[in-house]
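Right, I'll just put the structure down here and ask away after.
Per-chain numbering from 1; labels A, B, C and D assigned in written order.
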Amino acid sequence: MFDKFHDECGIFGIFNHEEAARYAYLGLHALQHRGQESAGICTDDGERLHVQRVMGLVAENFTEDVLQKLPGRTGIGHVRYSTAGGSHPKNAQPFQITFSMGQIAVAHNGNLVNAGVLRRQLESQGSIFQATMDTEIFVHLIARSKKPTIEERIVDACRQVQGAYSLLFLVPGKLIAVRDPFGFRPLVLGKHDGSWVLASETTALSLIDAAFVREIEPGEMVVIQGDNELQSMQALPAAPHRRQCIFEFVYFARPDSFLFGHNVNEVRKRMGEQLARESGVAADVVIPVPDSGVPAAIGYARASGIPFEMGFIRSHYIGRTFIEPTQQIRHFGVKLKLLPVRAVIEGRRVVVIDDSIVRSTTAKKIVKMLWDAGAKEVHMRVSSPPTISPCYYGIDTPTKSELIAATHSVGEIREMLNATTLAYLSLEGMIAATRADGDSFCHACFSEQYPIPFPYDCSAGSCGCSDPDVCQRSSDRTP
Amino acid sequence: MFDKFHDECGIFGIFNHEEAARYAYLGLHALQHRGQESAGICTDDGERLHVQRVMGLVAENFTEDVLQKLPGRTGIGHVRYSTAGGSHPKNAQPFQITFSMGQIAVAHNGNLVNAGVLRRQLESQGSIFQATMDTEIFVHLIARSKKPTIEERIVDACRQVQGAYSLLFLVPGKLIAVRDPFGFRPLVLGKHDGSWVLASETTALSLIDAAFVREIEPGEMVVIQGDNELQSMQALPAAPHRRQCIFEFVYFARPDSFLFGHNVNEVRKRMGEQLARESGVAADVVIPVPDSGVPAAIGYARASGIPFEMGFIRSHYIGRTFIEPTQQIRHFGVKLKLLPVRAVIEGRRVVVIDDSIVRSTTAKKIVKMLWDAGAKEVHMRVSSPPTISPCYYGIDTPTKSELIAATHSVGEIREMLNATTLAYLSLEGMIAATRADGDSFCHACFSEQYPIPFPYDCSAGSCGCSDPDVCQRSSDRTP
Amino acid sequence: MFDKFHDECGIFGIFNHEEAARYAYLGLHALQHRGQESAGICTDDGERLHVQRVMGLVAENFTEDVLQKLPGRTGIGHVRYSTAGGSHPKNAQPFQITFSMGQIAVAHNGNLVNAGVLRRQLESQGSIFQATMDTEIFVHLIARSKKPTIEERIVDACRQVQGAYSLLFLVPGKLIAVRDPFGFRPLVLGKHDGSWVLASETTALSLIDAAFVREIEPGEMVVIQGDNELQSMQALPAAPHRRQCIFEFVYFARPDSFLFGHNVNEVRKRMGEQLARESGVAADVVIPVPDSGVPAAIGYARASGIPFEMGFIRSHYIGRTFIEPTQQIRHFGVKLKLLPVRAVIEGRRVVVIDDSIVRSTTAKKIVKMLWDAGAKEVHMRVSSPPTISPCYYGIDTPTKSELIAATHSVGEIREMLNATTLAYLSLEGMIAATRADGDSFCHACFSEQYPIPFPYDCSAGSCGCSDPDVCQRSSDRTP
Amino acid sequence: MFDKFHDECGIFGIFNHEEAARYAYLGLHALQHRGQESAGICTDDGERLHVQRVMGLVAENFTEDVLQKLPGRTGIGHVRYSTAGGSHPKNAQPFQITFSMGQIAVAHNGNLVNAGVLRRQLESQGSIFQATMDTEIFVHLIARSKKPTIEERIVDACRQVQGAYSLLFLVPGKLIAVRDPFGFRPLVLGKHDGSWVLASETTALSLIDAAFVREIEPGEMVVIQGDNELQSMQALPAAPHRRQCIFEFVYFARPDSFLFGHNVNEVRKRMGEQLARESGVAADVVIPVPDSGVPAAIGYARASGIPFEMGFIRSHYIGRTFIEPTQQIRHFGVKLKLLPVRAVIEGRRVVVIDDSIVRSTTAKKIVKMLWDAGAKEVHMRVSSPPTISPCYYGIDTPTKSELIAATHSVGEIREMLNATTLAYLSLEGMIAATRADGDSFCHACFSEQYPIPFPYDCSAGSCGCSDPDVCQRSSDRTP
């Protein structure tokens, strides 16, 4: 479904390329689905870093003028999610500062669980923070480290943080990538005409015709410098099991991306097929909630033998703030984005496929629109398990109390939605559809099995604060 | 296919409604696919008309501030196509002027064939034109008419013009709709809580929960005034046969609209089914060129039994002017909008469905992308006949020399595209798929059978100009 | 005084110059004091006219980008006054249209008295007006004229209008200047490196180092074309007496300009000297209300022997809309613009010189500020006679009822201002200070002696309207 | 003269006032002449600080919208100079950060001489700087201080810096003002309806009708909190002699301000009188270079008996970036701002008064314009001594090599200017004109007598850098 989870980020880096800023721009465009609030690029002209950050979409805000201000052959970029509050230009990335060793820029995808504690410690020693994002923790730890080289200082900093991070650092002459020991968030390495490329997803490599080389490994640090020399080291020991985010498969990643070795579109279709097998129902038509529900709906239709149709038309012309009539039109907000095709729905038993249900607001409107369009039965099918718990590793889910499945049974939700039937994919079914080792995923949002406890220190009493909520609130949770 | 024909318009009107401007805004939003260059709304507060026109999308440019400047219970609106040149704020509609009878505004969908001649005649009598669009002809003819009432003056004006027009006029206290005798462009009447609504397509009625009442008939004039009193009259005798634009079914109209009594999505699916019957081929997968190719691809897949897949992902984040790398990346422009899903394509015999081929530039890139993604065979199928001739009735097609099918055989085009096979739907097959009376359509772009000759007067020598091209150029062809 | 009369215009033209647009820009900058609401330039590239109009100041809004869109060697420009209401981009000039003879642009300084009647006549014949300014009357009369040449059509049009006009017309290949038979508004001819220049005031010639040649005569038409060939003709017979606006000397014109043969700064000083002779008073210091009161104050100080001081500092940083505190600060609006220098005023008998008093609002605040700053006596002296009647020839004075001197005696005004004494310059004294033929001025605003009656036709009953006010209101009075 | 020295700042603070942000806005407007590059206001709502900074003028950029974002009853504001390079939003003030004790904001007028050394020390300890201005040094020193209260930490920080500073600090609940031990830059205390007000100049008090209370003393710290309780303490011992900037009298301060007990306008007139006594010349007219030369010219005229005239008209409509003709017009830049009044100058022996000559570029153009306007003799008189040395305490003078008087004798300068005669005011004459204790001024720019050596540490070898220039360059010199 559209506009469900806003909070993710995408990162991109390219080393020693004639058109570094322009390729960073293209890479970020390919990763735009991972964040639409702000975008930034930082380039290295060999002596100095140059940074440009804009609010809004890459293609609308990175104009030729802006790109002209980004000289150099190496660059990193970042796209960031969009939320109503908390959005502020100063939280846009890459984050670039000057410290005793000179300039450094960082682009970060992920979330630290001990950000609050670290920040308070640093401030008590006289550090001054500019923004409210976790990412700034890294640069303060690096600035205060006593190690002689930037690489050692980065390792020093990573040892002190706990949480999810795929990172790109830029210092004059060097591009450095790091991934946390659990491998929560993706990070891949590619090559374009001899230049190394790093990106959150392979779709960014595809767009620029770069070859996919491999994933960056959990705990790995890669340093690229000189004449494209790439040096890899194990910065931190990898965790016993990877904890790759399974929600990337469910919703986030672009269908053409290969993630942890598997194509996202194919996994989603298998999730739809598995859903049909687990929760089949007699019906006349299978329709997706576009665009994210399309592959699972194709899979469901195929496994069930029920015809696939586009029962909703998605509008491409939604502006930032749509003005609603004061006099009420039913389900207005959703109708602007999705308009039902009555000829497909009227008089039919409809299976409608969405990838997930978070708060249920949208799902309710969708079911209502189908009834209004004359559906005989409305069978809602969700191609992931109930979302019962927030994410602390880089996705800005609502709080537990806002997650409908955290507080209601499937039966209760069905009733609230006013659907004829409602079924979710099972946790096992979802994992099986990935065809990957089931033990390599983080699925805490579906299972409450958190690889790293959160709030990290408070639960252990180590931070000395009386109220764990304070710890949590003290850092804006997602870069 | 996206971005193929730019040149159409959409019109919307609402009479005596508490939130006239806001509903006009919603109506135009629903018609946004008919024109993205500019949009405008004119309202009548009972004494004076108020007009606001903006460049760009309705949802981005009609802000609350702008709507505040549109008081009144009656309004008309217009969306206009986007082209590179010729685009100018002064050509945005509704066009509103003051003349001896007071204020009048007009919103026009269509194109006149004798605009050039009429304009020269009017200028020689001392008329001063503000813009370059056909629409202004109407108001000058009305201003110079000697008839005593506005209704009679409008009829007087319509008698002098030749071509396609669906028109909405607004004068203080009255909303007037007129459709040309051939009924080239659609215009429907609806009702919302007792208020009359007029719109180019039924999708605008659906969005605001208005009931569809009927189409405005060819040659009909409808006058709405007072307490929602609607008066219909035959302004001009209807032509012996309607000449509704069949291209609305092929590409323009929104899939959920009902056009000339038939649902657009269903017609498109039947075109795909018919195409499969006419030009079947052994293949592994059927994929659409999104979004316009989707219904025909579903129809083709169903009729052929070959699985339907989304082989291209369409990006939702394309900005106005995308910056390309100077160093060439193959097929860049299209890749930004459509990215192939390699897992769907690789090693497969692919049937790719598009609704039409105009210049062939995009089709070439699509075939190339499929080969690059590892397709074993690429069978291009087009769900309409070859486009061989320009439109003079409201669609801004390229000139004949730019239409690939006007100058090349299907075999030559296949070769140019480098497709394994290429097939178009037959003219008869297309008409049959509409399930409407075949004699009620204008299909000049596919058949060269023009209901009204163009350039109108020059061919008859009546305008006295030596060069028909001048006539044609002398008016910006499409409102 | 600042911001007193807003409503004047300035015009500028240059023929066959390498940098026509750029010089028009400079010329308008020099004439900026004549109008700050909008500015426009129209150039002729030999084949087509190009026009750019902006709201606001020349120097802020005519950017390099805008100038780039003005190719050609000939151009005319216009600056227009600023008022709260009625200000609209479509009323900005030059006004440019296309009619049967091709393109024409016009820049107009002045006001017609029979605009309403002419407009109604034209509309009843089918003419459609775009804007609400008098200037458009000219182009409609020209478009409807049956004369064969543009020159004859312009004369034809001028014969039908009554009022004040200094006009510049631009058609491809020709620059034409016309001044009304009374010569109400100024218009001078200059030469710059062989190129002819036309401007409202000589200051525009000075800025660009052009030589002053002569004034355009009342009723004269000048046609410049080809290789700088200038042809003069008497378009209309000159009136028996010139009626040059004396208010240009009092307030409007820039001090360095030569007007009707006399330097404005010198005339203003003589007005101050004359005022001292007519209304001397024992005092310690003479201060001007800057900037317009400065020359008269210097003259007054010199003739009286009382020391001249700058008792008010004028701020250069006033923005468009200044935000006032909600809690009242006394005389706030004026204090932002003029701050009293207490050290100059305290304990002193002050003579304060302003050029005129219109509504008295500002004068009241000035007197109050002087008392607050510790003045012992406040003697207000005005270097023109009481303003008792509105202008119908190009200056947007308030209505008669708003003119304080129209309804109050000098004694009453003194009381309202709370000044120790108040004196105005006499009509004879003012005329004498010009050292010009006293019979050559229009001083209707001081004397009610109108050279052309207004409302023109109504007074004669010729327009057939029952309410003279309607006539007056039917045209926005000043270009 | 206009636009001569750009680099100064103005500060304003108000405690416990109903309209704190709005009064800060007014105060900054009154101080706008001290800096036009950027402006900022920070308010305290009792719990949190809110900051808004804009580029450009207060009146143009602090809109109602911006002020709405500044809740609270206490606020500080800052205006900053305008230079071409180095201008950057992140250097705008107030500078606001969060550190271990919470939020703090600072507004600074002045310049530190040991900024470079302190910055390097802090960075080597892990501090990260956001901007390039001296002001940030203060907050880092405060953040790292081990003292328990904010007041003690501020004193701790001030003990480590060397240079010129008038400072306003805002922390939730407290407004703190500090002035350096030499009292280089002005800072005054006032009262408005029971609320304390602080400002760089008394003109800001006048504008808001606040009463002047006293100057803040050198080395004094004032803490305002609670119910308008004001507590004063000697933060640092005052220097043996004050070193108030005499250039404030010559050029910077507004004429209506009282500075160090004397009215600026009166001092300037006395400088003119003294100049006439020191360097009289037979002439016909005395004219100022407006606006800053006006009071001295009035003084000169009075003492010499030669008539005062406004020989130049200053334009009020200069935009940010004026477009010049490519074809050369002589002295163009200056003519746009100052246009000579030929009638005043022609055939006369002219004394032209300016307040200072820095690079001589403008002076050259002024003399040339006077010759071009027909002057018989041009006697340039400068109401301050030759400027021979740069300022290190808050004014952005050019480097020594660019100061014309540093490298040329008065005779040589006269020749370069092509003036008939040239004379400067003597140092003694200037000091005498202030009527203040001559020992209480810093006049290093005229005398090279620097109260604090610069570069501070390098000259003493204490900073360990090999190149004093590096020290100097390492900090952007002026807040």
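Note that a residue touches a chain if its C-beta (ideal position, glycine included) is under 8 Å from a C-beta of that chain, and two chains touch if they have at least 3 such contacts.
Since the structure is predicted, the reported quantities are computational estimates derived from the model, not experimental observations.
Shared contact partners of chain B and chain C are absent. Comparing the CA-atom centres of all chains against that of chain D, the greatest distance is found for B. With centres set at the average Cα position, the gap from chain B to chain D is 63 Å.
Our note on geometry: chain A versus chain D, Cα centroid distance of 50 Å, whole angstroms.
Rounded to a whole number, the gap between the C-alpha centres of chain C and chain D is 38 angstrom. The multi-chain contact residues of chain D, meaning those touching 2 or more other chains, do not exist; every residue touches at most one other chain. Interface of chain C with chain B (complex): residues 97-100, 120, 123-130, 139-140, 143-145. Within the complex formed with chain B, the residues of chain A that make contact are 18-19, 22-23, 25-26, 29-30, 32-33, 36, 57-64, 67, 203, 206-209, 254-256, 258, 263, 265-266, 291, 294-295, 298, 302, 307-310, 313-323, 325-327, 329-330, 335-336, 339-344.
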